[in-house]
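Each of the next two complexes has chain A plus one other chain: chain B in the first, chain C in the second.
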Partner chain A sequence: MILGDLLGLPVLDSDGGRLGKAADIRFVLDGAPHQLMSDARMLGIVVSPHSAASFLGYERTNLTQPWPLAHLLRWRHRGSFLVLWEDIALIRKDAVKLRPGFTRYSPALEDLGRGR
Partner chain B sequence: MKRILGVALGILTAIGGFVDIGDLVTNAVVGSRFGLSLVWVVAVGVVGICLFANMSGRVAAASGRATFEVIRERLGPRAGLANLSASFLINLMTVTAEIGGVALALQLASSVHYLLWIPVAAVAVWLVIWRVKFSIMENVTGLLGLTLIVFAVALFLLKPDWGVLAGQALAPAVPAEETAPTYWYYAIALFGAAMTPYEVFFFSSGAVEEGWTVKDLVQSRINVLVGFPLGGLLSVAIAGCAAVVLLPAGISVTSLSQVILPVAEGAGKLGLAFVLVGVVAATFGAALETTLSSGYTLAQFFGWSWGKFRRPVQAARFHLSMIICLLVGIGVLATGVDPVLVTEYSVVFSAIALPLTYLPILIVSNDPQYMGKHVNGRAVNVLALAYLVVILVASVAAIPLMIVTGAGA
Partner chain C sequence: MTSPELVPLLPVQGRILDAQLHLLDRQVLDHDGVPVTTVDDLELSGPALGEEIPQGTPAPVLDALLTGPVLGTRIFGGRPPSSRLIRIHWKDVADVGVVVRLGVGGEGLDASWVERWVRDKIIARIPGGRHDPR
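What follows is the complex of A and B.
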């Protein structure tokens, strides 16, 4: 399975209820260090309840410019959240299933997402 | 003193570099059929390209990222690839039109058939891209392109009835023999000719090539805000010449020789010599810019190393992709398709594809993560959103209008 297969897959909770679609995959660079950068490690999936289309970066920040584009894009992705790799129970060809009691994290990046 | 010279040079280059085969053909066609009644579109287009170039130049200077690097980052792989495909194909169409334009202009100067000039033009473009320094390439073609001012000179020498021209320009109306859909179709074509996406790819990538920093923003702003409107005046002069000579004679422009006919009439042989140099320089300069733009877009999207500041061996895929683009352009032209027709379609498709590049730049130019304190101000954002609406409407309306009017026939 490659990353492209994962994007857009429905994300289900442990009872099979539909939570949304995998809109983005979040990585952190904290693996083995190399000359240019460290290996990437998959942190989790950004789940969007309404649309798997691109966020155009608005999920990472609390930016509200330019009006009304920013508001429109935020509205399309209202209720989206980040689930960590640890909370994913299994990834099938047609869906991603989460463990019971998974945590919904804000998809904003920590240093930029304050005040969200 | 050096600084003033630099500013002057930048402005002159922007004027000379503004006009390309799309502007030449579209303005002459429009002038010969609609008089100056579509001049307002040139004004709208010039303000638009100033705004767009200002934003993308600022993004490039503040973040060091050119347009397609930004698009790739923001749209993600799928939407980004769709965007690349559309933008790249339309750019390739423009490359083809520009090379055809160089060949047609050389035909007018030499009486040798343009199909024979096409390989010569393409090889010359490749040699310049391969060998010549970016700043020299920019300045030489830009300055030689300034000879197109002869269109304005010719317009004066033709001694037109200025009242009639001003009347057409200030109280635009659809001429009796044309229909409203045709009028609006050409409005979109003219808008696309003024706001061609490649200008922005080239502008922002050029900023990276020349190593701009935020310190250079003032100069870039002056270049754009003074140079492009003056270039727009050249466009108007082209349309004006056609409106004065060709419209009353009932000639609607279908070839490059008709575009420059009014100059020969107004300014004689000397004028003709100037206009031929100008057309060759303008189309050759634009052929360089569009060919480089095709390399820039591909390389920036796929993350290849790019740029003329690198030796070709260090940016092999960038250079190879441009060679392939030139070969494709030669191939298309070798079928005998009329370059003027290719041009007419390319400007309309440019208008159709414009939102694809405009929107990501608008969004990123608002993002302090990239821009620091150089984010869009409130006034720029208001104007930019108004233009977003204009660009979207033009883009959506273009295809239906193309079908209804039979591509403006």
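What follows is the complex of A and C.
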């Protein structure tokens, strides 16, 4: 599957309610090790309720400078959350559907990855 | 930054990469630091579009970085057919930072065929085009 087909798709809950759009896809390098890097396993989808794209990722970091830009972009991506792969029920051409009782995780990037 | 109703994600063993933030549109350099291309898209090992994902299905992994003729589709929408996209396998990627570094030489990659073709068919036929300028 090509990632560009997934980015920007509407994300729906199990009842078909619209939650937002797939703004980014998160990977974690903890798969099978190779000579250079480990496999990048898909961890989940960052869902943004107000925007289809992600720009500079201010909503996922603690960066506050430059102040106007940081506040504007954080406001634009307010309410963003991460859903894990385990909570994804179906990826269609026109939408992503989540499982009943999915969990909204914080999309923050700080202090998540350990080791390289 | 984090709304109170969001559950904090437990730290994971391994580096985190967000596709848009850390991979897409990054420049790709080969092991000698020579620019090869940029990351236009990514290819995953699954799942198939439109098929229900059974509970417990292992998460897909990143198969390849994709590059290709995307200028037109960036302006007018859509994407080139999968067969037109050139793949750089993830196992050839050595590091992801400000740029994506490969652990292999760019000479043998399909991604740089246009540059090689222009060098061999056009530049080489210009008088003096076969050696470094002095």
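We adopt the following convention: the second predicted complex is superposed on the first by the 110 of 116 C-alpha atoms of A that agree within 3 Å, B and C clash if a C-alpha of one lies under 4 Å from a C-alpha of the other, contacts with A are read in each partner's own complex, and residues count from 1 in each chain.
Heads up, the rule we're going with is that contacts are C-beta pairs under 8 Å (C-beta built on N, C-alpha and C of every residue); 3 or more make two chains touch, one makes a residue touch a chain.
On a predicted model such as this, the values are computed, not experimentally measured, just so you know.
Peer 1: After lining both complexes up on chain A, report clash or fit for chain B versus chain C.
Peer 2: After superposition on chain A, chain B vs chain C: clash.
Peer 1: Between chain B (first) and chain C (second), which does A:54 come into contact with in this model arrangement: first, second, both, or neither?
Peer 2: both
Peer 1: By residue count, is chain A touched more by chain B or by chain C?
Peer 2: C
Peer 1: According to the stated criteria, A:35 is in contact with first (chain B), second (chain C), both, or neither; which is it?
Peer 2: Touch status of A:35: second partner only.
Peer 1: Which holds for A:66: it touches chain B only (first), chain C only (second), both, or neither?
Peer 2: first
Peer 1: For chain B, which of the listed stretches 294-302, 330-338 or 384-392 runs into chain C?
Peer 2: It is 294-302; the other listed stretches have no clashes.
Peer 1: Take the contacts of chain A with chain B and those with chain C, and give the residues found in both.
Peer 2: In chain A, positions 4, 7, 24, 53-54, 56-57, 60-61, 112 sit in both the chain B and chain C interfaces.
Peer 1: Can you name the residues of chain A that touch chain B in the complex?
Peer 2: 4, 7, 24, 53-54, 56-57, 60-61, 63, 65-70, 112
Peer 1: Write out the stretch or stretches of chain B touching chain A in their complex.
Peer 2: 73-79, 359-360, 362-364, 366-369, 375-376, 381, 384-385, 388
Peer 1: Looking at the complex, which residues from chain C come into contact with chain A?
Peer 2: On the chain C side, the touching residues are 1-3, 5-9, 11-21, 41-53, 55, 59-62, 66, 79, 82, 85, 90-96, 103.
Peer 1: Show me the residue ranges of chain A that touch chain C in the complex, using the header's touch definition.
Peer 2: 1-5, 7, 23-31, 34-43, 46, 53-54, 56-57, 59-62, 74, 79, 81-82, 85-86, 88-93, 99, 103-109, 111-116
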